[in-house]
Each structure stands twice: as structure tokens, then as C-alpha cells.
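Accompanying notes for the structure given below.
Residue numbering begins at 1 within each chain, and the chains themselves are lettered A, B and C in the order written.
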Amino acid sequence: MSIVLKLWSLYVRGTNRWPVIATIVPFIPVVALWSIAANSGMFPRAFFPAPADVARTFVALTYKGILPDYLQDSLIRLLTGATIGVVLGIPLGLLIGSSKWAHRVCWPVLLFFQAIGDIAWLPILLIWFGFGLTTMTFVIVYTVLFPIVLNTVLGVESVHRDLARAAQSLGASRMRVLWEVTLPGALPNIITGLRNGLGYGWRALIAVEIIVGTSGIGFMMFDARRAGSTVEIILGMIVLGTLWYIVDAWILAPIERATGRRWGLVTS
Amino acid sequence: MKTLSLRNLQKTYFDPYAGSQVTAVHDVSLDVEQGEFVSVVGPSGCGKTTILNMVAGFIPYSGGEILLDGAAVKGPGPDRGVVFQSFALFPWKTVLENVGFGPKMRGVPKADRDRIAREYLELAGLSHAADRYPNELSGGMQQRVGVVRALANNPAVLLMDEPFASVDAQTRMTLQEELTRIWQERKPTVIFITHDVAEAVFLANRVVVLSKGRVLDQIKVDLPRPRVWDHLMQDETFKRLSAQVLQMVRSA
Amino acid sequence: MIASGQRTGSKTPGSGWVWRTMNSLAGAAVFVAPLLALVAIWAIVVPLFEVNPRIFPSVASVADAAADSIRDGSLIRHIGASLLRVGLGTLIGVVTAVPLGIAMGVSPAVSSFLTPLFRFFSVLAGIAWIPIATLWFGYGFGAIVFVIFNAVFFVVAYNTLLGVSTIPMTIRNAAASLGARRWALLTEVLLPGALPNIVTGVRTGLGFAWRGLIAAEMIATNVGLGYMLFVARDFYRTEVIVLGMIVIGLLWLLIDRLLLVPLERATIERWGLVRRT
């Protein structure tokens, strides 16, 4: 057996046992290329730093405590916004989804306000609330809310009518049907909505931190931009990408798959 | 007159999970004559689909040879038409476009290939569905399209991989009868893979029983045609042949 | 089975055509009515409670602002600048991402290897590129188009990659056994097979791009809808801000409903590849 086959076998078995490897290995050649390009002197170093520079800055900023602090600020903002979005969004979605009239009245309004988009609210929010936490939270809630509401409505509508009828004929009250049938039935869609919402919310947070900017990863990046420090910008991007990748690929996507697959609501 | 010959065909592949070579097909030799209908039966894992995939050219073979009219087979090609268990119709093409795909690949002008496709659709009783998309058809109709799509390309051999396994029992019987009718009209050379013994006997001139990557035995089927389930169900010869094949498969 | 044959009834324009027009008009009316009701509430509430115009404008003042900005051409100029940036960035993004995504998706081994990379970069899509884009290209057109391009490129490439790799192997085999060579395989199988994912990718990417555009225009330029909003804030011109928000909302609705949704309907749903509302 050739050495190539042996290595391949090792890789396949390794990734099968630890899927993380399959996620990390593809980045090795990219970082290597990046390193070669940066060290070749094709671009000025200040414009295009090498991986080693970014790693050094990472260590330095972590040691000084700036990076952990900013990261914490960003995450708390996102989490607060997302929680409020979920608490408001799910009941609203259930209401709109289970009443034909509410649906008719609210759906166009929802689509329109979703179309305005979070960032476009910033100027008027700044007039209303000033540069502060309220403005940031409002934007995040706004961003997270729509995907959750729209997907909850879709979820409620996807629940088969016979399921609700079955529950009613087994003696469930309207509230019980909502709690025992509609909500679990819509859950896969709700989680998809949450996943999309957080994806948009994350980006909105960065924009808000750049514009409103007092602290946070977005602020760090834009502050670095003002100082012309590419290293910190790239570090910020890597932190953002990595963090979101972990949250999305290892937490949200598995939950989405688990609810959908387990119940056989999603095939493939 | 031989069309297709498999000589000491062999397939081994590397399984990265096990970290070792696995043999799927040990040593298979088989000759198929022009216009013959050969059924290949065997328990799952006997290598029948692997053989078909090698003949179709979808996967390479590791030993022996596959000759079509004397020339070695290399990669997939229009001389071997394939009918898939999963139908494999192009969802983004209408029924007419699906059937006309082979002629289109040969560079046949649109008007001519539409004419060819319509002719074949009529053969399968599908003229009314020409402008529909595959997902708008029932499973049975989809597989009818699958069969005539392969035929419309005038292949030297038609390879069928458990084509009726995913339709309901009623439809399956109809499709089997239609296939024997089409075969009698056109006399294509067919290799038909299945695990359904009755189906194998009903359709074929010859049944090949496969076991663990080897040919176990072969049986000639000289039942009269046209073959219709209503008659054959009670036919003593049919029953005897089916029982014989079944016993071989179960002992395999 | 006979009844469903009428679905291909494009040959009977007469009553069907009138019926369909009536239907879509009625649908549009039902859709617009709640929005008009919202405007009516706005028209009543603002004078009734004597809302300070520096907090929220009246309908009339927004209408005046609209008329003014149309008359002096500034609204058209801002819209034009924004649309040009989005259009150009999206065009470059799609044109480069689709071939690349298909090329990478052809081999299952290559595509599963590259998937995490593209996932990573599509996570960063859009706004996160603003700081570095403005540093590389300076404030202005180049930086903004780059941000849009980035938002679209990685999302579309990732989705194309995903789309190609989810085409069942049997369909590719079927095409090959019917005589399709490399080029035919590409145009007849891989491209249409990946189209549902490509369309989804464009829709998502454009969503990110649109937000990125507004954000970038607030930071990095002196023309465009985002800039119009942000400058109005300096002078507490809420009527201009609200006008801008409405324009942004309407434009996106138009792009989404008139361009992206019909594209999805015409292809994906007819083919039965994906069903969604």
C-alpha cells in the first residue's frame, strides 16, 4: 500500500473521529500562502501584514485585556438584543401565523419594515437616543426580530391542520394546542429564523459599533483604521469570523439539524 | 453474435475507513448477445450494481476487460444507455427535453430531435406529458421517461439498475409488461439488474445469478412472448423457473 | 392527470389572462392596504399629539422633502449612486463567483475540503470589510464597491459550491452516459443543478450587500442614500431621514419582489427542487 493511500486513510479516519480537523486543515495552506505573499514584499507591510504580526498583536491585546473586554462587550450586546428579539418575535409570529386577519394586516408591514433594514434606522435612532447602548440594542433587536417573526409564521403555517385537529379531538384547549402542537411544529423554522437573525444581527452590531463606537470589536477595527493599523483590523476580522463560525457551525446549525431531522420534518 | 463480453472482470478499491483494499467483484465473465435480454439477480452486496457501474463506465475496473463489439470500454458513453433506480431525470428539463437530451449531445438539430423524442414518448404512451417537468409526473411515468430517454439515444446496450424498485407494486407490473412489449418491438440488448426473482424471470431470455462477486449460475428462460402477468402467474414453467432461481439466490 | 394538463395552457389567452390580471391586481390591493392604513395612522397621530418635527416628521413635510429633492435632482443622484454601486459590485461578484464555485464543486473531495474556507469568508461578508476596504482603497467609490463585491462573492461562491456538490451523482452519470462531454455537462447539468443555490446565494448576498452599502455610505462617501440619511441627522432633518428610509425600503422590496422572487419562482419551484413561500 502506497504512502499516499496511508496518509489519506489517516486523514479520513481522523476527521471521522474529530470533525474539527476537517475544518482546520483547509486553512493551513491559506495561512501559508498569506504568509508567503506578505513576506515577499509585494505589498508594503503596513498595508498587508503577515500572519505572525497578527498573532503577535493578538497575544499583546489579549495580554493587555483589551481584546477580551471588547469581545465581551460585543457578545453581551448581541446576546441582549437576540434575547429581546426572541421574546418579542416568537409570540408575534405565533399570533400572525395563527390568525388569517392578523396575517393579512401585518405581513406587508413586516416585509416593508424588514426591507428598510437595520442600518438605515441608525440616523434617526441617534437623534432619538443619542450615541449609546439603547441605540445599539434597538438596532440588534430590529435585525433579529424580523427573521424570527417571518420564519415563525412560516413554521406555524407549515404545521399540518390535522395535527391541531387531532389535539383538539383529544381534548386540548386552544392554548394547549398552541403550546403542545403549534409551537413544537414551528420550532425548526423558528431556529432557522434565529440562525438567520443572529447572522444579520452580528453584521449590524459591527456596523453600529463602527458608527456609534465606544467599545467592541467593530469599534476596535474602526479605531485601528483611523490609526492606519491594518494588523488590528485583520485581527478583528479573524476574531469575528472565527467566533461566528464556531457559534453557527457548532451550535446553531446542529440544533437546527437536530430538531428538523429528529422529527423527520426535514429530509436530506 | 456477441455484443458485450466481460472477461475475468475484477474490482478492488481502497477503503480509507478500514485502511485496506476491499474486493467487490472477484472474477466475472459474461457474454451478452445482440438483442438478448439478460437479468442479473443476487442478494444485496453481491456486486451486481458495481458490475453495471463498471460497464456503464462510471467507475474504473481493476482487472479483466469489458469489450463492446470488440472494443474496450473506457468511461461513460452514448453506446451504453443507463436507466437508474432513482430515475435521474433532469428536473430542470421538460419531459421532451429529457428524452431529446441524447440526440442533442450528438448534435441533432432541434426539429429532428423533438421529432425523435415525440416518437419515443408515443412508444411509452407519454405524448400528453411532453411539456411537463419531471416532478409533475408520478413515479411510474418518470421511469417510463427514463427508459425511453435511454432508448432514444440508440445505445448498443441498455443497462438497467433496479429501475422499478422505487415504484408501487401495481405500477411495477404494468411497467414490466410495457418493457417486454418495447423490447419485442425494438429488440435492444438489455442487462437488467434486480433483486426481485420473479421480475428477473418474467423479463429475461437468460437469468444470471451472482453471489459474492462471482457468477453462481445461469438459467435460460424460453417462455413465450408476449409475456403478460395474468397468464404467467399460473404458468407452470414460470413457477418452476422462479423457484429454481430463488433457491439459487437464497443458497448464495 | 388530465386536469393538470391545463397547467401548460399558455395557448388560451382569453379569459385566463383577464382572470390572472384581476387576481394579481386584487393581490396587490390587499398587500398595499395595510401600508396605506399605516400612513393614515401616521397622518393622524403626528398632528394630534403635536410631535416635535425634530423627533418625528409629519406626512406633509416628508412629502415636501420628497418633492424638493426630486425637483433639485438630489434624490435621483443619491439613488443613482447607490444603485450603481450595488449593481456593479453584485455583477462583478456573481460573474466571478459562479464559475469559481462550479469549478470547485465538480470534485467532491475538493469541495468538501474548501467548504470551511468559504463558509468562514461568507461569515465575514459585507460590513466587516468596511475598515480594511477604506484603508486599501481610500474613502469613496472603490471601497464601497469592494465591500459589495465581497458580500456577494463569498456567499454566492459558497452557495454555488454547495449547489454543485448536492447534484446527485446519478444525474451527472446519466448525462455522461447520454453522451454529454465536459462543456455540455457544465451548461446542461452543473449550472442548472446549482441554480437554486445560486439564486439563494444571490438573494442572501444582496441582502448583506444592501446593508453593507448603507453602512459604508454613512462612513465612507459624500453621495448615496446612506450618506443622505447620515448628513440629515447632523441638521435634525428627520423628514429627510424618514424619506430616505422609505426609499431604501421600497427599493429593496422592488429588487427582491420584482427581480429575485420571480427568478426563484420561474426556475426552482417549477422544477420542484425547493418549495418555499
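Following the convention adopted for this analysis, a residue touches a chain if its C-beta (ideal position, glycine included) is under 8 Å from a C-beta of that chain, and two chains touch if they have at least 3 such contacts.
Bear in mind that the values here come from a model prediction, so they are computed numbers and not experimental data.
Q: Quick one: which chain's Cα centre is the longest way from chain C's?
A: That would be chain B.
Q: A-B or B-C: which has the larger count of contacting C-beta pairs?
A: Higher C-beta contact count between the two pairs: B-C.
Q: Take the average of all CA coordinates in chain A, do the same for chain C, and state the distance between these two points in whole angstrom.
A: That pair's centroid distance is 19 Å.
Q: Could you please state the distance in Å, as a whole number, between where the Cα atoms of chain A are centred and where those of chain B are centred?
A: Here the centre of chain B sits 49 Å away from the centre of chain A.
Q: Nearest whole angstrom, what separates the Cα centre of chain B from the Cα centre of chain C?
A: Whole-Å distance between the two chain centres: 46.
Q: Can you tell me which residues of chain A touch two or more of the remaining chains?
A: none
Q: Enumerate the residues of chain C that touch no fewer than two other chains.
A: Where chain C is concerned, no single residue meets two or more other chains.
Q: Write out the stretch or stretches of chain A touching chain B in their complex.
A: Going by the criterion above, the answer is residues 1, 5-6, 8-9, 11-13, 16.
Q: Which of the residues in chain C end up touching chain B in this complex?
A: 4-5, 7-8, 168, 170-171, 173-181, 184, 188-189, 192-193, 195, 267, 270-273
Q: Give every residue of chain A touching chain C within the complex, in rising order.
A: Touch list, chain A to chain C: 22-27, 30, 47, 104-109, 111-113, 115-124, 126-128, 154, 157, 199-200, 203-204, 206-207, 210-211, 221-222, 224-225, 228, 230, 233-234, 236-237, 240-242, 244-245, 248-249.
Q: Taking the touch rule as given, give the residues of chain C at its contact with chain A in the complex, in rising order.
A: 30-35, 37-38, 54-55, 112-117, 119-121, 123-132, 134-136, 207-208, 210-212, 214-215, 218-219, 225-226, 229-230, 232-233, 236, 238, 241-242, 244-246, 248-250, 252-253, 256, 277
Q: Mind pulling up the chain B residues that touch chain C in the complex?
A: 56-58, 75-78, 80-82, 84, 86, 88-93, 101-102, 105-106, 128, 131-136, 149-150, 153
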